[in-house]
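Following: one structure in structure tokens, then a few remarks.
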Amino acid sequence: MPVVKDYYTVKLHDTDAAGILFFANQFRMVHDMYEKFMIQNGFPFQERFTKGDYLIPIVHAESDYLAPLVTGETVEIELAVERIGETSFTLRYVIYDLDGHVVGKAKTVHVTMDLKTRTKISLPLPFRQMLEGYKGE
Amino acid sequence: MPVVKDYYTVKLHDTDAAGILFFANQFRMVHDMYEKFMIQNGFPFQERFTKGDYLIPIVHAESDYLAPLVTGETVEIELAVERIGETSFTLRYVIYDLDGHVVGKAKTVHVTMDLKTRTKISLPLPFRQMLEGYKGE
Amino acid sequence: MPVVKDYYTVKLHDTDAAGILFFANQFRMVHDMYEKFMIQNGFPFQERFTKGDYLIPIVHAESDYLAPLVTGETVEIELAVERIGETSFTLRYVIYDLDGHVVGKAKTVHVTMDLKTRTKISLPLPFRQMLEGYKGE
Amino acid sequence: MPVVKDYYTVKLHDTDAAGILFFANQFRMVHDMYEKFMIQNGFPFQERFTKGDYLIPIVHAESDYLAPLVTGETVEIELAVERIGETSFTLRYVIYDLDGHVVGKAKTVHVTMDLKTRTKISLPLPFRQMLEGYKGE
């Protein structure tokens, strides 16, 4: 199945004095899901730091906010792999409230980079193969 | 049972360039658990803001760090009500790694405050009764 | 002058275990500058909450990351008003290192919203006039 | 002079839906000042990561909150070195509003630790000497 789903409950520290989710924290939310996705598929971030082989920095991010989210509210987040390139890939996230309405969207573009030379490298094969399994249509 | 338990997986954004949990984020972790505890016991934070009856600000916090935590690491957090006073209460948290070693501790002191007058008020009775149920020995 | 400039020094808590700025925190950085810009131009955020007249939520955000930033590094952030619509406006940010290289970019789209009805309203005139003064060419 | 002073303006993302500073973010505030203090005295954090000689983790932290802080509010933070031990030191922070009232306090205990062995080491001499210059009476 090309789409992964998970739930997130908005925390007090995700909100600000306007009473709703602070926009930058939606990126934190979707990145939490990306991190869990990587762990569950055998590519935990921590391994990148201990092995010191390559890093996967984000080079572009964007998001839309369609409805305000308050603390304690639970949302469902869908992750799909939108695009797989030679040295980069794009993840797409859709956030739903529990009535099924879209309340937010996000996209992150990642590149694979050699840790020492800080230059782009091709997506390592096992990693590329894992991503292929989650490619949305 | 006087102690509540939950799991938390350290996120990349909880860490800093030293490679481990940034100390202030341990407070975010334990507060997440407090928030979940309040929701599960019928006192969701959001109700305080919409009803506008009273607030429960933190007036003191402290924490100990016994071992470094890295991203992707799952810990178990125990919450207990340590003390219940007339206008305040104290929560105590112990954080364990999955081998059962204590890796962190925290304590937060909360007061109940009238939203309009900004003065301390006695703990509302239903809230006090709920807390009593979780009082550690 | 259509462009506002300010400096920011990357903090340890802005970074993560990869040793560089966590991507979502670049949004926090540019939003800090937007907030300062609003204060200096007579539209402090806190006034929106106390007056309770209207809010200015962000409905879209995007960013590019051109170079890694480490803790202690000082960057220069430029803010310009890119577009002013009937019920919305767009801010554009360019981030430079101290050698003058672009290390990041961001864009945020804001709408003005009635606090009670939660519907879009036209930009209040004094606010619109203030923004006009910072419109980039 | 044993005390260092600096100003901080509370940011929207420092607050939460209660309309005031989220307690954990006061630790972020005082740590920002500690980081600036280290840079200005020749011990930038980044050097610890690139040299990889030793780290200075926090093992204990505590704070008091005496008055609510809202976004846009500027406070003055005082830092003093309270105690210098063989392998650890304690920093003390006092936060004032612009009328001179104490609105918050904090304390952080730091140890010096060998990066490889993860064991405590004596404070390196030049670092100890720097700290001595800021010891409060």
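A few points about this structure:
Residue numbering begins at 1 within each chain, and the chains themselves are lettered A, B, C and D in the order written.
As a convention for this text, a residue touches a chain if its C-beta (ideal position, glycine included) is under 8 Å from a C-beta of that chain, and two chains touch if they have at least 3 such contacts.
Treat the numbers as computed from the prediction; the structure is a model and nothing was measured.
Ranked by distance of CA centroids from chain A, the top chain is D. When the C-beta pairs in contact are tallied for B-D and for C-D, the bigger tally goes to B-D. Averaging C-alpha coordinates per chain places the centre of chain B 23 Å away from that of chain D. Once the centre of each chain is set as its mean CA position, chain C and chain D turn out to be 27 Å apart.
For chain D, residues touching at least two other chains, in rising order: 12-13, 17-20, 24-25, 28, 31, 45-46, 49, 70-71.
Chain contact summary for the complex, chain D toward chain C: residues 9, 11-13, 19, 28, 31-32, 35-36, 39, 44-46, 49, 70-73. Listed in rising order, the residues of chain B touching chain D in the complex are 17-18, 20, 23-25, 27-28, 31, 45-46, 48-49, 55, 57-66, 68, 108, 118.
Note for the complex: chain A touches chain D at residues 12-13, 15-20, 22, 24-25, 70-71.
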